[in-house]
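Here the chain labels run A, B, C and D in written order, and each chain numbers its own residues starting at 1.
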Amino acid sequence: MTANAPAAPVVSLTGFSAEYRTRLGVTRALDGIDLDVARGELLAIVGESGSGKSTVSQAIGRMLPRVCHVTSGSVHVLGRDIASLAPDAIRALRRESLGFIPQDPIASLNPTMRIRRQLELALRPLGRPTDLESLTELLASVKILEPDRVLRLYPHEVSGGMAQRIAIALTMAREPEILIADEPTASLDAQVRDEILTLIVDLVQRSGASLIWISHDLGAVRRWCDRIVVMHQGRIVEEGPAAQVLDEPRADYTRTLVAAIPGRQDPTTKEAE
Amino acid sequence: MMSASHPDTDTAPVLELREVSVAFTSGAGAKRRTVRAMNAVTLEVAPGETLGLVGESGSGKTTTASVALGLKRPDSGEVLLLGEPFTRSRRANAGKLQAVLQHPHWSLNPRRKVGESVREPLTVARRDLSRSEQRQRVTEMLEQVGLNPAFAERYPHELSGGQRQRVSVARALVTEPRFIVFDEAVSALDVAVQMQILALIRELQAEHRFGALFISHDLGAVERVADRVAVLFRGDLVETASTEEFFRNPQHPYSQTLLEAL
Amino acid sequence: MTTYSLPLSKRKRAVKTRPPRDALFIAAACALGLIVLVAVAAAVIPFAGDPARIVGPRLSPPSAAYPFGTDALGRSVLARLLEGTRTTLVLSTLAVVCTAVISVILGLVAGYAGGWAREVIMRLSDVLYSFPSIVLAILIAAVVGPGQAAVLSSIVLVTVPLMTRMVSAAAMSVAKRDFVTTAKISGVSAPVILFRHLLPNVSGTIAVQGTYALSVGILVEGGLSFLGYGVQPPRSSLGLLIQEGGSYMLQAPWLLFAPAAVLVVAILSINLIGDTMRDRLDPRETRSLV
Amino acid sequence: MMQILRWSAGRVMSALITLLGVSVLIFVAIRLMPGSYEDIILGPLASAEERQLLAEAYGLDQPIFVQYFAWIGQVLTGELGTSYVTQSSVSGEMLERIPVTATLTIMAMAVTLLAGVPLGIWTGVRSGAKQGGAVGRVVSSIGISVPEFVLGSIVIFVFSQFSLGLKVGGFASIGTGFWPTFQALLLPALVLSVFCVAATARTTRDAVMGVLVEPHITAAVARGETAGHIVRHHVLRNAGIPILTLLGTITAYLLGGAVIIETLFNLPGLGSFMVTGLGRRDFAVVQATVLFAAAVFVVLSLVLDLITSALDPRVAVTGKAGS
C-alpha cells in the first residue's frame, strides 16, 4: 500500500523528548523519539501503560497536558512544525486534517446533550449537512441499526460499542488525512471489539487516510497493521513490519511482550498468515 | 455438614459455593433494572489448588470475590469456608482467609510503615505471639516473598508496584491462611513483573498448601498459575475444566471467543 | 533545575509534603504569623500598656504619644486592639478545635458506616446548615445569653455541618481502598480501622477544612460582637472594636480602620493558606481554552 | 418520566424532614432561653397566681410535645404568636417588613448573578493561563475576606464624609414609589452583594475549571472547535448544574448579610426586626424570624435541587445528580 517513491511522511517526530513536571517530581515520558508515518499507512504503537505511547499520540495533535513539557525535538504534521503554529492554525489543522477516536467513547460525548444535538454542533461549523435525513444516513454508514432512535438518546443511554460508532462517524465525517486511535476498544466487550476494528480499518482504507493506532493488544494489531512500533519506558525499542516484529522479535522486551500472549507455544514458530 | 465426597479432612474443599445467587438493582421506577451478578454459581477450591476464575468486566467476578471473602452476603445459596458458613463477625475467620487485591498503589496504607502493614493480621489472629515474635514472622515473610527485610521500615511510596504487591502477598501469608483470594492481583503490573509475582505465588502455594481463587480477565496470567479454570459470563458459570484441557479445546462458545480474541 | 530520568514505576514522592515555595503562601503565612505573634506577645509583656487604663484625652488622633490614638474613653487604641485580636483568635481557634473533634468523629462514622448512621448524621448537618450563619448565632445568643460562650458555641454549630460533610466524603473514598478491605478481611475491628487507617489518610482534608473553619469563626465572632451579642465590654474583640469604631467614625476614623484592617488581613491570609493547602492536597489538572 | 417523579418525591421528603428538624431545633431553643416569659412580661415581682394565669394563657403548663404540636399548628396557620413586648401579632409586623428584606436580597442577588457568574466563567476559562496564578487567587479571596459589617461601616463613613449623592440612613418607606426605595436600597444592596459576588465567582470558577478537564471537552478541542463555541455549548451547560446548587448557599449568605446590613443602615426589614427582638428578649419575634429565614433557605434549595435534576438527564437513570 505505501507508495514506492518515498512520498513526504504525513507525520514525523524527530528526536522528540518530553517530561511530566509535577509536585511529585520529574518523570521523563518520551526520550528521543524518531518516527515517520507515510500517507495511507496503518501504523500500530504498542507498549504497556506508562511506556509513553499515549503521549506520542497527544503530541501529534499538540494536545499534551499542561504538566507535560517538550524538552527537545520537533513534531511535523503534513510538513509543518506544529510547535510554531498559531492557535488558529493548530485549530484549523485539527479541524481539517486530524481525527481522534477516543478510548472511552461515552465520556467523549457531552453528558447533558442528546446525540443528535451534538452531531449538529460538531458538523455545522464544517459546512456538513445536519438535517435529520443526512444524520441518519451518517449513523447508518457506521452500521448503527436504528439511527433515528439513537439520535434521540443521551450519551449515558447508549452502549459502549454504539458510542464508539458515533465517535467514529463524527470523526470520519470530517474526512481527516491522519486518524489517531488511542486504544479504541479498551473499554468494549470482546465480541464488539472486532466489529469496531474492522469498521475503523475499512473506513481508513477507503478514505486513504493514515491510521496511528495505540494499543496493548498484540493479537488484534497483528491482524490489521502494516507496521508496528514497540515502545518501552519512553523509548522505541523495535520497529518494523507487523509479521516480522511479532514473529522474530529482536529486542528482548518485545520477546517478553509476545511471550505474555497465552496459548502461544513459541514466538519464533512461523504462523500461517 | 461435611460434604460426603471428601471424607478425609485435609482434602475437604477449602471454599465451597453452592447455588450462590446475587442480584443488584439500579435505577428506579420505569428504568429499574436488576442485574444478576451471580446466578446459582457452584464451585469448590481444594487445599493446595488454584482455581482460575475468568470473565470480562460485568461478568460477576468481583461479586464472587467479595462473596468468597465474606464481605457480601449472597441473596441465596450457601458459602462454606473450611466447611463452616460465614458468621457475622469477621474476627472468627481472622487468619483463616486473606486477599491480594488489584491496585498496588492502594494495597498498603500510605501512612504506615510496610512492616506494620504486614504485621496487622497477626495482631488479630495471633494474639498469642509477642510483638517481637510477630516482627520476627514479618521478617521471615518478607524474605519468602523475595524482599529485603529492611523494607519493613520503609513507607509504601518508596516501593515499586511490583514490590508493593510482594508485600501484599507477604501480608496475605503471614497468618498461614488456608484460603487466599487473588482478585486481579497482577493486572496493574508490567508484564515482566507479572511473571515474577505469578511464579512466586506458585512457589509459595507448593510450600504452604493454601487453596487459592485467582480471579482475572487476563487469560495469560490464569494459564500460568491455575490448576483448574472456571469461566463466568454475565453471572453464569459456563465452563469449568483443567487448565491444560481448557486452553487446548474450550467447550463453551463464549470461552472460544475469549481465547480467539487473543 | 536538574532533570533526571526516573522510570515511571519508581516515582519518588515524599509523604510529608514540603511547605510550598510560592510567594503568596509565604506572604499570607508571615502576615498571619505576625498578627498572632504580636497579639500573644502583648499578653506576656504589655508593651502597649494596659488596655483598660485611661491614658489620655478622649478620641485624640494617632500621635507619638498614642501610636494608634485613643478611644471614646481615652484608652490606648493599640492596647485594646491587641487584646481584641487576641480574644478573637483564641475564641475562633478554640471553637475550631472543638469543631474538628466533633466533625472528625461524625464524619468518619458517616463515611465508613454508611447506611442509616450516615443518613442520620447528614440529616442533622442539613438542619444546622439551613440557618444562615449569623441567624444561627443569634438563636444561640438568645439561648446561651450574649458573651463569649455564645460566640464559641455559634462558631462550632456554624462550622460543624460543612466540615462533617467534607470529612465524611473523604472517609468514604478512603474506605473503598484495598488496604481497608484487607484490614476488614483480617478481622480488624471498626474503631481500629477508623483511627488507624481512615484518620491518617483524611488528615489533609481535616487541615484544609480546619483552616477554612478558622476564617468562618473570625467572621461569626465579628458579626455577633458587631451586633452587640458577642464579646461584651469591657473585654474587647475585633467585632466589638469595629462596632465602637463605627459609632465614632466621623470624629475618629482610626477607631474603625485599625481593627477592620487587622480582621480583613487575618481572614484573607487564612483563606489564601487554605487555598494553597487544598491545591497541594489534590493538585487538579487544569486547562485554559485561551 | 416516572423516574423523575419518584426522585423528586424523595427530594421533597428529605426537605420536609429537614424543615421538621429546623422547627424542633427552634422550639427547643426557645424553651431553653433563660428567664421564663412571666418575668419579662409581669416583671420578677409577679405573684404565683399571676404567673399561673399567664402560663395557662400561653399553654405553658402542658407536656413539652403537646406545646410543640400546638406551636407547629399555629405556625402552619400563619399565626406566629404575639410579641411579648409590644403585644401586637408578630406575623402582622413581619408582613410589613418582608418587602424590605425581599427587595434588598433580590437586588443583591441580581448584582451577584450579573457580576459573579460572568466573572467566574471569565477567570475559570483563563484559569490555566500564566497570569492566572497569584492575581487570580488574591482577587478571588479578597471578596470573601471583607465581611458586610466591615465594608458597610467603611461605605457609610465614605459616603457620609464626602456625600457622593447617595443619601445614607433614613429610609423612604416602600409606599412612596419605586425610585426613592430603589435609591435608598441601592447602596445597602451593593454592599450586601460584594461578598456574594466574590463567593459566586469563586465557586463558578471552580465549576468551570472542573468541567474544562472533562474528556468530552478534550474531544471538542481535538475536533478543533473554537474556544467560544466550546464555552457556549459545552462548558456553560455542564457548569450550570453546580452553579445552580450554589444559588441555595448564596441565598443563605444574602439572608445572613441582610441581618447585618439592615441593622447597619437601620432599614425596617426582617433582619433588624430579629436583632431588636433578641435585644428585647422578645422570643416570639426571634422564633418567627429565624424560622422564616431557615424555611426560605430549605424551600429554595429544594426548588433549585429539582431544577438541576430536570437539567441533568443522568439523574433520570442513576437517581443522583451527576457531579
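Just so it is clear, a contact is a pair of C-beta atoms (placed from the backbone, for glycine too) under 8 Å apart; a residue touches a chain by one contact, two chains touch by 3 or more.
What you see is a predicted model, and the numbers here were worked out from it, not measured in a lab.
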- Item | Touching both chain A and chain C (chains) | B, D
- Message: Counting C-beta pairs in contact, which chain pair has more, A-B or A-D?
- Response: A-D
- Item | Reference chain C; chain at largest CA-centroid distance | A
- Chain-centre distance (mean CA atoms) for chain A and chain D, in whole Å, is 51
- Taking each chain's centre as the mean position of its Cα atoms, how many Å separate chain A from chain B? 36
- Message: How many angstrom lie between the centres of chain C and chain D, each centre taken as the mean Cα position?
- Response: 22
- Message: At least two partner chains per residue is the criterion; list those residues in chain C.
- Response: 9, 12-13, 285-288
- Task: Provide the list of chain D residues touching at least two other chains, using ranges where the numbers run on.
- Result: 128, 221, 317-318
- Note on the structure: chain B touches at least 2 other chains through residues 190
- So in the complex, which bits of chain C are touching chain B? 9-10, 12-15, 177-179, 181-189, 196-197, 200-201
- Mind pulling up the chain B residues that touch chain A in the complex? 56, 190-192, 194-195, 219-220, 222-223, 247, 257-259, 261-262
- Item | Residues on chain A engaged by chain B in the complex (per definition of touch) | 48, 50, 189-191, 193-194, 219-220, 256-257, 260-263
- Query: Touching chain D in the complex: which residues of chain C?
  - Reply: 22-24, 123-124, 126-128, 130-135, 138-143, 145, 215, 219, 222-223, 226-229, 239, 242-243, 245-246, 249-250, 253, 256-257, 260, 263-264, 267-268, 271-272, 275, 284-290
- Message: Per the contact definition, I'd like the list of chain B residues that touch chain C in the complex.
- Response: 69-71, 89-95, 97-99, 101-103, 106-112, 117, 120-121, 123-125, 155, 157-158, 160-162, 168, 171, 175, 190
